[in-house]
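Take a look at the structures below.
One chain, subunit A, links the two complexes that follow: it is found with subunit B in the first and with subunit C in the second.
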Partner chain A sequence: MIIVSYPNIGEYERIVYNFLDKIIDKSKCKILRPEKNNRKILELGEENSPTNVCTPFKYTLGSMINSLNKGANVIIQIGGGCRFGYYAQIQEKILKKDMGYDFDFINLYNGNKLEFFKAVKKAKILNSNLKVQSLLKEIYFIVKLLRFSDNIITYIRDNECYIDDKEHLKKIKNMILDDMLKIKTVNEISLKNIKYKKEIDKLINKKDGKLKIGIVGELYSLMDSFSSNFLEKDLLKKGYKVKRYTTASYLLLDKNKMQKNLLNNSKLYLKYKIGADGTESVAHTLELINKGYDGVIHIKPFGCTPEINAMPILKKISDDYSFPIMFYTFDTLNSDTGFQTRVEAFIDMLEMRKK
Partner chain B sequence: MKYYVGIDIGSISTKGVVIDENNKIIASDYIWTNASPIDASKRLVNSLIKKSKEEWLNNIYGIGTTGSARKLIGKIIGATSIKNEITAHAVGTISKYPDVSTIIEIGGQDSKIIIIKNGVVIDYAMNTLCAAGTGAFLSSQAKRLGIEVKEIQDYYKRANNPAKIAARCTVFAESDMIHKAQIGYKKEDLIAGLCNAIVENYTNNFIRGRRIEDKIVFQGGVSRNSGVVESFKSKLNKEIYVDKDSHLLGALGVAIISKSESKGDKVKLNIKDIEYKIREKECAGCSNNCQVVYIYEEEKLLDTIGNRCENCKTNI
Partner chain C sequence: MKIGIPNALFIRDKIPMYSKFLNYNNIDTVISSDTTLKTIEDGVEIATSEECIASKIFLGHVQELVNLYKNNYLDAILVPRVYKEKNNIEACVKAMALYDILTNIFKDVKFIDVNVDYSKNITYFKSLINLGITLEINHKNRFFGAFYALQEQKKFEKNRYMKQFENINFKRKNVLVIGNEYIVNDKYIKKLVLSSLNNVNIIFACINNKVNRYKNISEQVYFSNSINVMNGVEEYIDFIDACIFITGFPCATDSLINEMIKERIRNIPYIEIMVDENTSSIGIVTRMESFSDIIEGRIYI
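What follows is the complex of A and B.
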C-alpha cells in the first residue's frame, strides 16, 4: 500500500488533500493528512535541522518526519522562492541519508521552476493509469478551489471587525474549511462562493473606525498561525481590522504578474527585486500607508534573508512617513510573553497616536 | 480620597507603589524577585500593607500589574488593570516629566527606548531574543568580581583608565573582561569598562538611526547605578534626568492606568498566604495547540494564561 503525505502550511493541506484524493488510485494508495503545526512537529524539525536554518524549514521537516513515523512512504514537497529553492533537496538528504528513512520523495520544483513533466512521471507512483489530460483537468479545478477559498477567507478577514455575531461567523468559517476538503466540481465552487458572500454580507452590521493594522513579511509565518504565535487571530479577536496580502493563490498564481507593478509602485525605495517576498513587504507597506492604515507589523523567521533586505527600507519608509512599523523575528522560542508585550505596546501606541 | 496600587513584577526585582488621586506616591517598596514572582508578590503586598495607614488600605479603587509576570500575578491578586511595561513606563514618566521626549529604560533582562512627542508615544524599541547589555549582566559580572551591585558606582568613580570591553554580546564581553583581568587591569577599570559596554550596547541597538532629543529620562533598575548614568552622559553629551523614584516609574505608570480604567468600585488589596501551583501544558482541546499555563490555588483551578478558547479548562 502506498501512503502519501506532504508538509503542512496553515489550512492549505485541505486543498492538497482534495487534489490528491481525485488523482490517486484508491485501491493501491491512500492519503495521510499532515497534522497541523504544533510543538511536537517543531521539536522534531529542530532536532534534525541545521541550527541556523529558518523556522519554516524546521516546521516542514518536522511535519514530514511526523508523517513518516506514522507510516507514510511517499512525500510530496514544493520548493520555490528564496533559499526555499533548495529546501526540498536538503530535506530529502536529511530524511534519507541522515535519518535513514526509505521513501519516495516527489519534489515539484527545481530551484524556482515547476518541473511539470517530471512531476507527472512521478505522479504515476500514485496512480499508474493517470492521464495527462485528466491531471490537467484536476489542476484546473484545484486552482479554482484555491482561488475560491483564498478569496472568501480574505473577504472574511477584511470584514471580521465589522461583524458582531462571531459565533455565526465561526460556523461559516468551519463550513468553508469543510468545503476545502469536500467540494468536487467547479460548479459547486461558484454556487458556494455566492452563498457564502451573501451570508457574510448579512452579518456585517457596522462600519466604525477601528484601528487598522497591516501584517507583512515572510510568507510561511504569515500564512501559518502557529508559527507566528497566532498574531493574526489574536488581532482579529481583539476587534482590529487586519490586512494581509500574502496568500497561497497570490504566491502561486499572481506573484509573477504583479512583480513589475509592485516595483513600479515602490520605485522611490526599490530599484530591483530583493528576493522572495521582500519586494512585497515594501510595496504592500506603501500601499497600506496610502490606504490610511494605522500601523504595520513586519514578521519574519530568524535568518530570513529577503526580509532582512526589506527591513532597512521599511525603517526608512517608517521615518519618511512617520508611520509606525513594528518588527518581530520568530525563532523556536517556547514562550510568547515577549511577543505579546511588544504587540500590546505597539497597539497602545497606535491608539494613543490616533487620539 | 481614592487610592490606587501599581505592582511591577520584573525579572530581577518586584516594585510596588500606592498613589493617591494626584498621582503622588504615598508608599512604595522594592524587593528582589529571586525568580519566584508569586513569592515576591506575596512579600511585596504584605510589606505594603504593613506600611499602610488605615485610610488608604480601605479606599483602594484600582490595582494594576505590569512587568513580565503581570498576567500571572494579575490573576492571582485580582488586578483591575494588566498592562505591558512599555506603556506603563511611558505613562509613569509622562506623569512626572510632561515634556519628556526620550525615555531610556534598562531593566533586569530587557532594555528599551521610548520616543515621545507632545505626550504621545510615537516610537519604541525593545531588545529582542537576547539580554546583552542589561542589568542581569551587570549583576552577574559584579558577582564574578566579588562585589555588590551597589558598589559598582563607587568603583566607577575611582577608575582612571577604563578597559575597553566588547559590547555586542554578553559572552564576548565576559571573555574580554577575563582577558583584561589576567593582563593586570585593576578592578575599577574593569568595572568602568563594563558600564561603558552597557551604554555602547544600548546606543548600538537603539540610538542608531534615531534622533535623541531633550529631555532624556533614564529609568529602570540600572539607572540607580550612577556609573552607567555618567557613562551615558559622556556618550550622548546631553543632560540626563534620573528621577529619585526612577526604579518605580513602571509601577507608578500602571497605578495611574488603573486609575483611568477604574470603574469606581472598591477593591481589596490582599494576597492569600496559600500555595499557588503552576503547570504548563500543551492543550489538546482543539487544533490551536495553545501552550497553556494553569494556575491552581491549592488544588482549585484559579485561571489559565495563554489559552485562545475555553476548551483547555474542561480538557485538562
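What follows is the complex of A and C.
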C-alpha cells in the first residue's frame, strides 16, 4: 500500500489533502495528513538539519521525518524561490542517505523551475491512470478552493475585531476548515462563499478606536502560526485589528502580476526587487501607513536574506514617517516569555501613542 | 570626474571590467582599500545585526568611499545590482538589494546603479551601455568602452584561472580552499584563516570558470556563487589532499551547499571554517593546526 505524505504549512495542508484525495488511486494509495507543527517536529528537524539553514527547512524536514515514522512511503515536496529551491534535494539526501529511510520522493521543482510534466510522470506512482487533462481540471479546482479559503479567512481576519460573538465565529471558522477538506466541486465553492460571507456580515458590528496592527515579513512565519509563536492569533484574541497580506494564493497566483505595482508604490524607497518577499514587506508597510495603521510587526526566520535586505529600508520608513515597526526573528530556540514581553511592550507603546 | 568602486562582495570580481570602462571614458576610479579590522568595525556599526559578514565588510568599504565623497574627493559611488547573470542562474539575493540598501542607509550620497538582469535581456554589455548613458558618455565611446571592458574582464579571469592551475605542486600536499570569492580572497579573512597553515600548497578555487562541472554535484543549484564553489571542487578534486570551506556567518547559500560538497569529497580531509566579526584568531589557529596535523598524517591514534 502506498502511503503518501507532504510537509505541513499552516492550514494549507488541508487543501493539499483535498487535491491528493481527488487524484490518487484509492485502492492502492492512502494519504497521511502531516501533524500540525509542534515542538516535537521542530526538534526532529533541528537535530537532522545543517546548522545555519533557515527555520522553514527545519520545520519541513521535521514534518517529513514525523510522517515517515508513522509509515509514509512517498513524500511530496514543493520548492522554488530563494533557498526553497535547494530544500528538496538536501532533504532527500538527509532522509535517504544520512537517516536511511526508504521511500519515493516527489519533487515538483528542479532548482527554481517548476517542471510540470516531470511532476506528472512522478505522480503516476499515486495513480497509474492519471491523465494530464484530468490533472489540469483538478488543478483548476484547487486554485479556486485556495482562492476561496484565502479570501474568506482574510475577510474574517480583517473583521474579527468587530465581532463580539466569538463562539459563533469559531464555529464558522471550523466549518470553513472542514470545507477545505471536503468541498469537491467548483459550484460548491461559490455557494459556500456566499453563505459564509452572509453569516459573517451578520456578526460584524463596526466600531472605531480599535488598535490597528499590520504583520509583514517572511511567508512561512506569516502563514504558519506555530512558527511565529501564534502572534497573529494572540493579537486577534486581544481584540486588535490585524492585517496580513501574504497568503498562499497571493504568492502563487498574484505575486508576479503585483510586483510592478508594489515597486511603483514604494518607488521612494525601492528601485529594484530586493528578493523573495522583501519587496512586499516594504510596499505593504507603506500601504499600511497610508491606511492609518498604528504599527507594524516584521517577522522572519533567522538568516532570511530577503527580509534582512528589507530591514534597513523599513528602518528608514519608520524614521521618515515616525511610524513604529517592531522586528522579530524566530529560530528554534525562541523563548515564549521573551517574545510575549516584547509584543506587549510594543502594543503598550502603540496604545499610548494612540491616546 | 572620479567614481568610487567598493572592493567587496560580488563587485570585486568585476572591478577590472568597471575600471576599464570608466577609465576608457576618462573617468578616474577609486577602489576602496583592502579590508582591515576598521573596515569590519565600520560595517558592523552601519549594518543590521543579522547581515552576513560579507555584507558587513561591504558596508565598511562603502563607508570608506562615503568619507571620500563627503570630503569632495569623489563625485559618485558605483553600485552594480545583479539579479540574473545567465538564464536560470541567479546572483545571491543580497546582490539584488545592494543599491536600495545603500540609498536608504547613506543620505545625501550619490550612488550610480548598474542593473544586470538576463531575464530582461540586460547582459553585462548592455548594463555597461546603460551606465554610459547615465554618465552621459557619447554613443561611440560607450560602445567601445563596453567592448574593451568585457575583453579586459575575460583576460583577467583567464589569467587568474591559469595562475590557479599553475599553483598545483605535486611535491607538496595540496589544500583546496573553497568559498565565495569575496570571502576567500579577502585579505583580512585569508590572513585570519590561512596564516597558520604552513608546509602545504594552497589552491584557491572560487573563480567563475564558466563550466558546467557543478552538475556532477547537483543539477539543481541556481545561485551563481554556489555554482562557482562547486565548479572549483570538481575542477581540483583529483589533485587535492584536503579541502577547507571558508564560509561567512550566516551565508544563506553556503548553509545548504556545504552538505552537497561534504557528500562529494567524502574521503578527503575536510574542514568548514565559519567566520564572523567576532571570530577569534586563537580558535581558528587551534583548529587549523589540528587540521594541518591531519593532512600531514602526524596523528597516530
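In this section, the second predicted complex is superposed on the first by the 354 of 355 C-alpha atoms of A that agree within 3 Å, B and C clash if a C-alpha of one lies under 4 Å from a C-alpha of the other, contacts with A are read in each partner's own complex, and residues count from 1 in each chain.
Methods note: a contact is a pair of C-beta atoms (placed from the backbone, for glycine too) under 8 Å apart; a residue touches a chain by one contact, two chains touch by 3 or more.
Please read all numbers here as calculations on a predicted model, not as lab measurements.
Superposition of the two structures on subunit A leaves subunit B and subunit C fitting side by side, clash-free. In the superposition on chain A, A:T329 contacts both subunit B and subunit C.
Legend: residue contacts after superposition of the two complexes on their common chain; A:E344 is shown touching subunit B, with no touch to subunit C. Using C-alpha centres, the superposed arrangement gives subunit A a vertex angle toward subunit B and subunit C of 80 degrees, stated as a multiple of 10. Of the two partner chains, neither subunit B nor subunit C is touched by A:G239.
By the touch criterion defined above, A:M311 lies against subunit C but remains apart from subunit B after alignment on the C-alpha atoms of chain A.
Residue contacts after overlaying the shared chain place A:K273 against subunit C, while subunit B stays out of touching range.
Among subunit B and subunit C, the chain that touches a larger number of residues in subunit A is C. Figure legend note: subunit B and subunit C, brought together by superposition on chain A, show a least Cα distance of 6 Å. Where the contact sets of subunit A with subunit B and with subunit C meet, they give residues 302, 315, 329.
Those residues of subunit A that touch subunit B in the shared complex are 36-39, 225-226, 230, 233-234, 237, 302, 315, 319, 322, 324, 328-329, 331, 333-338, 340-342, 344-346, 348-349, 352-353, 355.
Residues of subunit C touching subunit A in their complex: 48, 50-52, 81, 83, 88, 90, 92-94, 96-97, 99-101, 103-105, 113, 115, 218-222, 249-260, 263, 274. Of all residues in subunit A, only 50-54, 57, 82-83, 85-90, 93-94, 97, 110-113, 269-276, 278, 302-306, 308-313, 315-316, 329 touch subunit C in the complex they form. By the touch criterion stated above, subunit B contacts subunit A in their complex at residues 68, 71, 83-87, 110, 120-124, 126, 128-129, 209, 282, 287-289, 291, 306, 308.
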